[in-house]
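Submitted below is the structure of interest, expressed as structure tokens.
We just call them A, B, C and D in the order they show up, numbering each chain from 1.
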């Protein structure tokens, strides 16, 4: 029990990300309203971002912007300790991931608008009934 | 469905947690992730690229290829929203306000379009009297926001920031305009065609800068080969290249932000928004 | 054995493929079209015959086109068996072309261009199957033939042809995919080759049960051979125009099925292996059942073409029967029956078609007394019947004779009885037709409404006379075919 | 000039941007721009393939940074082949699609071509890249574009189908991203080769196992392996034909390629088949996928839907072959990537022409089609035979290798599934042929005059020529499959 606790404490943000992701996934699968599903989708992707960013964190290190390196050349003078700066790579990746998720979300919203224009509802069960109404497929 | 979903979710969660079992502790400076690549970046980036903001350096140079496609994704999203929503059909009914009297006309057939000038003002269906305070404050704020956005783009090499952030801020300033006044004002100021072209041009700047490197004898994206083209210290050519692509990204992101906003709020009609 | 590399086999296959575009383009002008058919047929026959002397010298002609995998290529090899089959098919193709012109024009059928085009495709596939050097190539042409025949069988495009076409495919395509394909790939998996060789490709990899299963998969899988219970497609396919029935269902299609089984028994398993495992008897018993049952069914059929179909089924099993004897005599008798039965049966089909064109009569019961009106046709019919029954003076006698000797050679007395019984049955369901036709009272004489009936047009009569004559000739000069077989099976 | 690897991917992107601008300024320029872009890309892909065959794997460093710091393109025989397939199919489809795009996208052809090119860019990038995260970004480009396209097709059902496609697609992509994250956390690298080197010391780590499972799940969802296929049939049958014709042949195949790439290059076959020993289970899954796909196809009443389910079944072939755990199976799977791309392309070309003429392709709409569009049907028949696996069409030969592999691995159930599925395919297609062959043209339906005698109304020449070419290529690819295996696949696998 105690060691489990220590485990959790040592990696609590990984646990958090898992929980967050489960919430998002559940919303995507189980919710009936398309917008709620979209919200779930965002939570899901945010969880992943949290995960990556926590990979990048390094104890007692600062943001990856090299101090007193303005103008570049004297950067050689100031010697750089890798331990002082956190890992920049995950942040880069997540910048990309954020943009991708935003783009996806935008398209999804546009689609939701289209669906609403056509069926005047965003509840899945009602949509199903509407689909039955408009008869056999093209 | 709910129950099934629950099962699936639990299974996934269990799987992921099982994976965390062997994770290094959080923030452990000796975890592989913090050793293998990141040290190289932290130690070499500045001298190789002259860019102290490592995130920008990695984003726009080491992994610049990713970022290019990321920008392409943004462009794609804008295009998608346009294709999916834009509807050039005129709206059926319109509302006009006779400015001097404040009388509101309700025009039923879409053919009849009153000339909106100083006499008549085209207005939204669910129209709220526009609030002077909000308008004024936004009118004051917007320029500052835009200046700030430009700063964020330009200074991305040295401090947190970059094309995406700057672009988003700039786009939001325009969106603020649309919210505080109304959509027509924005659409009148920023033509749809301009947005469409700029969203492409932004990416084009990026790809162009990257592609020029090839005839200059380098690999794709190899800014260092641009030295002959740009004035000044050849040391900084990489930094300049990054600045260039960041500007491109900024333009693309701004344009796409606005495109998405306009199309979604007006259901593609561009006549009246929120 | 000396092998000559030559492109002739490929040409022999392709010649009628190349002519198809010409046929399609000249669809407007029937005469031009038909003349092209003859050109192609003649060229094909010449190509085939030009290879004959080489083969008779005991050499082989080979050509490898595409190496798919080591030991499995798309390749041609002309040996005795293939030569025999090719000669039969190519020569009968020309005769049938003449016949089909008469038939199709006589009834002015629709879609004649489509008909002749697929006909040409089918004959190409047949020759290809004859010249295949390995099981893969054989399978390839087997499938092409199945699919090329479908539009011919369903030529009328009506409900009945739709149903029978469906049955045709179900049995032909279904069995070949479900049984032959896995069996073939398993053989390749075990041995790493599919080349036909008289010694067989297996070198002790097979246990007896495995061999039995494989053998059965092949024998039933090549359903074109009409082994019961996979025979029902053949009577169903009789809805096709008679030239199709004649060439494809007396010669090409069914014979390709039988030929494939012969190839598998002699070339894949090898006679010796089967003899060791003593599996010939299994095949023989299956074949005998088919022979007897289908002969009995044939007795009960009144529609002439269906009776012919059932007799075909039993005759095909003779061939398999003979090969399954695994003795030189039996092999000779079985394989040569491919040729003998072909000429006999095609004569019968031609007659059936001629009668139908001339009188519109399909049923045997209506044919009383027609013999006087159509003497040549029924004379030929008689000869053909003799050939199928296996009585002198026709080639059929020769093969029957060898089969019986074979059974004696293999001390299979029971099976000899099977042969005799079935021969009697054949006699029972053929000869009465002829006798009734010549000596029976025709309908016109009972009801005094004389209908003018005479021989069908020459295009129909000449071919059936030719084939009848050939099958008589074969009685006196079977030696060439025999030599081919001896060379092909090196016995 | 040694920049061909970059050019393959960049030219479509550039063309997409220019087409996007042209859409606003000079619409009619967008089509030629797209055509040129794809032509260049195809040429570059061809050059690269030749180069790889003669002088081995090409490593192309983006921005000149050495991996693992920079992103690297690693082009070996496998993805050189896939690149050529993707580029050429995209190009030829564009030629065939001009008319149907005009017909289907109401005066937005320019933007349509831009999206189309972005999709192709994504596929090419996915195929070419040697970096795990770059792969993710490009997968997202392909997904985003296909979401859009699906919604553009059927006005009634398109948007909803596309929305569901998004939900599933995002889950798939995110799983893959998580898998990459787990890998990164353990190895600290993103370059495939580098990761593979580090992994060789980490076998048996639970994190790596989870990473592997996540990656595979993600890719399987993206490639619509049964039972994760639910999005595919709708997505493919509602999208505009011009797009369906390229997404159907390419999307799933490229995903299969990604799976094989991850298996061989990143995780390593010995890890998968010896350390984990998952082969059994996945082959069973593939078997079920094959059968389920075929059976569900039987239930369809619409040609597009039927073909979509056949694709589900074909995916089972490739997954099964790849997971067979022996060289023959893998050979079959890779060969089938090529063959299935060609067959599906040929099928959808024919269907595209039908849709162009008939608007609807429910089975009842197809009556008398052999008389109406003989050449289109000829192409369709040939492609169908290839799916059924009739020699000498290429479908037969990949099936040949797959069954051989199944025998060698003792997976007789998979071999049986293959045989059964080709029987079912035979039934499916002959059902269609019978309708087209036996049933007369319905009065007053279809196009132009509805007189009882059939009038030939063929699809536009552009479509016919392309579908003719592809049909021939089916047979050529079949006959030369031996050569393909010996020059490309076996050297790659050794």
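Just so we're on the same page, a residue touches a chain if its C-beta (ideal position, glycine included) is under 8 Å from a C-beta of that chain, and two chains touch if they have at least 3 such contacts.
Since the structure is predicted, the reported quantities are computational estimates derived from the model, not experimental observations.
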{"item": "Between the pairs A-D and B-D, the one where more C-beta pairs touch", "value": "B-D"}
{"item": "Chain closest to the middle [Cα centroid of all protein chains]", "value": "D"}
{"item": "Chain centre separation in whole Å, for chain D relative to chain A (CA means)", "value": "29"}
{"item": "Between chain D and chain B, distance of the C-alpha-averaged centres to the nearest whole Å", "value": "32"}
{"item": "Centroid distance [mean C-alpha coordinates] between chain C and chain A, Å", "value": "71"}
{"item": "Distance between the centres, which are taken as Cα means, of chain C and chain B, whole angstrom", "value": "75"}
{"item": "Of all residues in chain B, the ones touching two or more other chains", "value": "16, 20, 23, 31, 33-34, 37-38, 41, 63, 66, 70, 73, 76-77, 80, 84"}
{"item": "Shared interface positions of chain A, touching two or more other chains", "value": "25, 55, 89-90, 93, 96, 100, 103-104, 107, 111, 114"}
{"item": "Multi-partner residues of chain C (at least 2 other chains)", "value": "none"}
{"item": "Chain pairs in mutual contact under the definition given at the outset", "value": "A-B, A-D, B-D, C-D"}
{"item": "Contact footprint of chain D on chain C as seen in their complex", "value": "65-69, 73-74, 136, 139-140, 143-144, 147, 151, 154, 157-159, 162, 165-166, 169, 173-174, 177-178, 181-182, 185-186, 188-189"}
{"item": "Complex interface listing, chain A residues touching chain D", "value": "25, 28, 34, 37, 41, 44-45, 48, 51-52, 55, 89-90, 93, 96-97, 100, 103-104, 107-108, 111-112, 114-115, 118-119, 127, 131, 134, 136-138"}
{"item": "For the chain A and chain B complex, residues of the former touching the latter", "value": "10-15, 18-19, 21-22, 25-26, 29-30, 54-59, 61, 63-67, 69-70, 72-73, 75-76, 80, 82-83, 85-93, 95-96, 99-100, 102-104, 106-107, 109-111, 113-114, 117"}
{"item": "Residue ranges of chain B in contact with chain A within the complex", "value": "1-2, 4-6, 8-10, 12-13, 16-17, 20, 23, 25-29, 31, 33-34, 37-39, 41-43, 45-47, 50-55, 57-59, 63, 66-67, 70, 73-74, 76-77, 80-81, 84-85, 158-160, 162, 164, 235-236, 239, 260, 263-264, 267-268"}
{"item": "Parts of chain D lying in touch with chain B, wherever the complex brings them together", "value": "3, 6, 10, 13-14, 16-18, 20-21, 23-25, 60-65, 68-71, 108, 111-112, 114-115, 118, 121-122, 125, 131, 133-134, 137-138, 140-141, 144-145, 147-148, 151-152, 159, 178, 182, 184-190, 198, 205-207, 209-211, 213-214"}
